[in-house]
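The structure that follows is given in the form of structure tokens.
A, B, C and D label the chains in the order they appear, each numbered from 1.
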């Protein structure tokens, strides 16, 4: 069960006793290229899908796909990252690493969603934005900032599903939702474990420790209040049964859209604002700061277990009330 | 007097008897690189000017300048084309031929104008958008379309001043105003005379005829109802006295801003919409079409003469009532 | 901006003889067969230019198109003379096409749902946009706005019409200002760019659809290649300024072969539904106003969002499409 | 996103000795003289990094700054340990800077006009943005919004703070969502990017000012050069990711030497005036609310739009800037 929670499902994997190795196996699982990506998922979930292309400014980014889907009779705008499943597709998709054009396409299509009253579903699975000069100089930072800002105020329901790697600002650019869902074996982090290790440990070899320290797993992110819902993966992981994975996602997403769709738009946007407005703990200094929390691996696993069969919670009830300042 | 109207002022010009040559001399005058451009004019008109740079997407186009000016105590957003006055500056300014970034910068700054309630003053002097592949592939057409669209609905007064060449869509991209002003020796045309001649006459050598046929001069454009106000130029033309030219422009522009600024924004935008909505004559076929108007050169000059000492007219009064369908 | 007259002559689009040589693959094609393939070469998929009338027939529910303002006629405001007079050019174009100018607009149904549409006809002085074309685009947009039904514009144009001078240039403002209102009101707008979509048409409404579709290999450009190659002296790559070029540069959402165009538009219209009041939730079906409007005009059943309820071929005949 | 700790050590910014070697030109500079030139090298114009306190003193009317929320203190929510524990890193930074975290926010006056401002301090764990920094930026924005006074943010940051994990990442959303509200309400926002402005700070509020200013040669970037050069293997041009690079790429409006920064901001604030109600005409002067607010807080005269009415140095002393 512990193995399953930490995502160690693949054949030939060693059942590591070291919890750091268990976390790393989870990271590897999240990165498995055979996991279904946006196009595979939407094809399995939707009755119809029309992809839209281009940012109307510079190009069409193949690492981010966007389009219009009919899912169980509902019109939905779907946007997500698209890694390739083989080398050829990966090259064509720039290994799923987006340029600014991808986020600008996403914003253009989100605008359609708002104007024609379609909810937005995003799939997040990206190592990070493309770190090359072309992305940098065309304003990947500006594109991510604008996309995050736009999603924070978009007047239509948004559900974001982290399906694999939720890597840094590149992932966040499509991950500002009323509800944040994560597949069981996915990860979410402020920087890649390798990057974190290179900077803080001055050595990329400490990436396992970094992954552990950053609490990257879906379950831990749920504990931290970043992720709202964790969806268990079928069989040995999402890649072993993409259709069932898509079915489970669809079930959760449609339920969320049902709930979110009943909230008046003003309230919905206000609730989304508040959800993110209160994220991140701090204390006021004139009160004694709480002792640093040193969660051991046992506690962490207990936390994972208790949260695993996670139930959808109502945003607007759970999130509307800001948690106390010292909640963590 | 005829010479002056047609803009033949420069030293060494022949006083051509042929009206086609007179029109061509006017075209040459409009293209005189020594005429003051946006930066020269705004420096002469304004007490303070802060240039803003960049489209926040790709680059900063040196062929279009934009910024914030205090003119006689009034906050004004100034945007305009910038040719160079010598070869070196012309190269740096790409000969005043804008890329999409120029229009996108203009739109960004127009947004500031609307949000902070500053009127917009545009200076138009451009042969046309840069016709190279770089401008084309980054969407010069889209940028012009969007800029035209944005100006058509911008919720702040706009005065556009054609100071030299008003060339085609490239000029129009900054020339959608509540009031269209033109310097006496300026021209405005749907295509350059050379381009028109190349296509319709199959010979660039007929550009004089093309200029004549398209009625490109400021006075003719006023007759056609495209230009609202023609400002006489000092001395032998704007280039001979840029300061006086700027003074005359400032006087007209401030008067327009005074008038336009008193109109409620909803009415202002509606009046601007109607102004352009009714441009362009046609007839309804079941009534007999009027015989084609064949204005001879005599009539044209008479028209120019009668319109020359032009007076500002009130938009919102003159333009609010659509002219009859057969007005031409 | 300008019309470039040396475009392929109209003869190719409406050959008087039985056979047409395909400019794509040089095959000789039997015209009746070509009509059955929507004037797309069955060998190389070359998309022949087609008239506004043929385009409308291919796209909308049979018999549902009702032309509006067919009687709008251009005038020679400038007294324009080049190698011919403008009135002579107009008369020749009118005789050749049976149109009064290069655009046809009207109301129609697609899969039973009402739309407002404007289609340009390249056969009329290169589909150039003068005051009448601009007016028809604007009126199509205003009808879409008034009825809160989707706007569909199919472009096919050499650009602005030089013979109407700056009036033609002002049609960019006229059309864009209406399109801006359409968009602000959350009324859907689908732009279809066909061969060619150039100059002032590309630089106004054609490029700003909620969704931009293009036919394969359509020439789409702002600056002419004489300008691009001649004036600037750049080498132009193959495929430059074709539909696929614009797709890869981010300005075309989808390249759609003609045979799929109607179905793709219908699919898109299943998503792009104008909210009832432009500011809130979507309607569950057509508005009552649209429904009655459609019934009155076309005799069609009101759409239920599920596709193929075609209007019956009563009331208006196809022939009226371009005869108004 | 990450903090890259091998930035120039804090010693360079606050040397304990009398002299500083200029990293730009290798000249030895007398510190007292350097302070008089706002810590800009008089020989080569190298802009030294400065503390939030020094930055505020250089920018606002003397004595006008009133710090808010100085008592906000970070917590170790993840129990983060790398080579040190996060609490150890925090304590070291707090002792070295006298700050509780890497940002200072408060209300102040510039040329007599009220502003809300937030200034980052690179000396505190590389100016990295965790929950407290995000909170302070958000509160500065919310105060600007509530009072309808301009928001000024001076960035100096290595990016998001890894030790707070995804909470740090969420500060991008927190700050951007407030900035979006500031913008929607037509409240002016001026962003000043100083050396360095990187990662999640560049990818959120710093890049979206109504006007983006940058100090000369400031390092501004999203991806680190280790990532850019190492992972992707591209050759990086000289000047890559410096302020001038971003100016030429369209993301920085103006590069402003430190000596001119205050005057430029004051000039800009003379143009960017929040309309009274966010939707209509501009006010002729500060709103009554702002005026009383300013008077109450700073004792300053209300601005008349003409520049230099400085607040008197009463009430709050400069020293409070970073002592809250």
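Criterion: a contact is a pair of C-beta atoms (placed from the backbone, for glycine too) under 8 Å apart; a residue touches a chain by one contact, two chains touch by 3 or more.
Keep in mind that this is a model prediction, so the values were computed, not measured.
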Item checked: Chains in simultaneous contact with chain A and chain D -> B
Next item on the list: Name the chain whose C-alpha centroid is farthest from the C-alpha centroid of chain D.
Entry: C
Note to self: I'd like to verify one number: the distance from the centre of chain A to the centre of chain C, where each centre is the average of its C-alpha atoms, in whole angstrom.
What the structure shows: 42
Item checked: Inter-centroid spacing, chain C versus chain B (mean Cα positions, whole Å) -> 30
Check: Any idea how many Å lie between the Cα centroids of chain A and chain B?
Finding: 50
Check: So which stretches of chain D touch two or more other chains?
Finding: 207, 249-251
Note to self: Two-or-more-chain contact residues of chain B, please, as numbers and ranges.
What the structure shows: 56-58, 138-139, 142
Next item on the list: Identify every two-chain combination in which the chains touch.
Entry: A-B, A-C, A-D, B-C, B-D
Next item on the list: State the interface residues of chain A toward chain C in the complex, per the touch definition above.
Entry: 48, 50-60, 68, 70, 75, 101, 105, 112, 115-118, 265
Note to self: Taking the touch rule as given, give the residues of chain C at its contact with chain B in the complex, in rising order.
What the structure shows: 1-5, 71-83, 85-87, 100, 130-132, 134-135, 138, 160-162, 164-174, 176-181, 184, 199-200, 202-205, 207-208, 221-224, 226-228, 231-232, 234, 236, 240-241, 245, 249-251
Notebook entry, point to check: How about chain C: which of its residues touch chain A in the complex?
Noted result: 183, 186, 188, 207, 210-212, 247-254, 264, 267-268, 270-275, 280-282
Check: What does chain A use to touch chain B in their complex?
Finding: 56-58, 138-139, 142
Notebook entry, point to check: Which residues of chain B touch chain C in their complex?
Noted result: 128-129, 131-133, 135-142, 144-146, 148-150, 152-153, 168-169, 172, 176, 188-191, 195-196, 198-202, 206, 209-210, 213-216, 221, 224, 226, 273, 276-277, 279-286, 289-290, 292-295, 326, 328
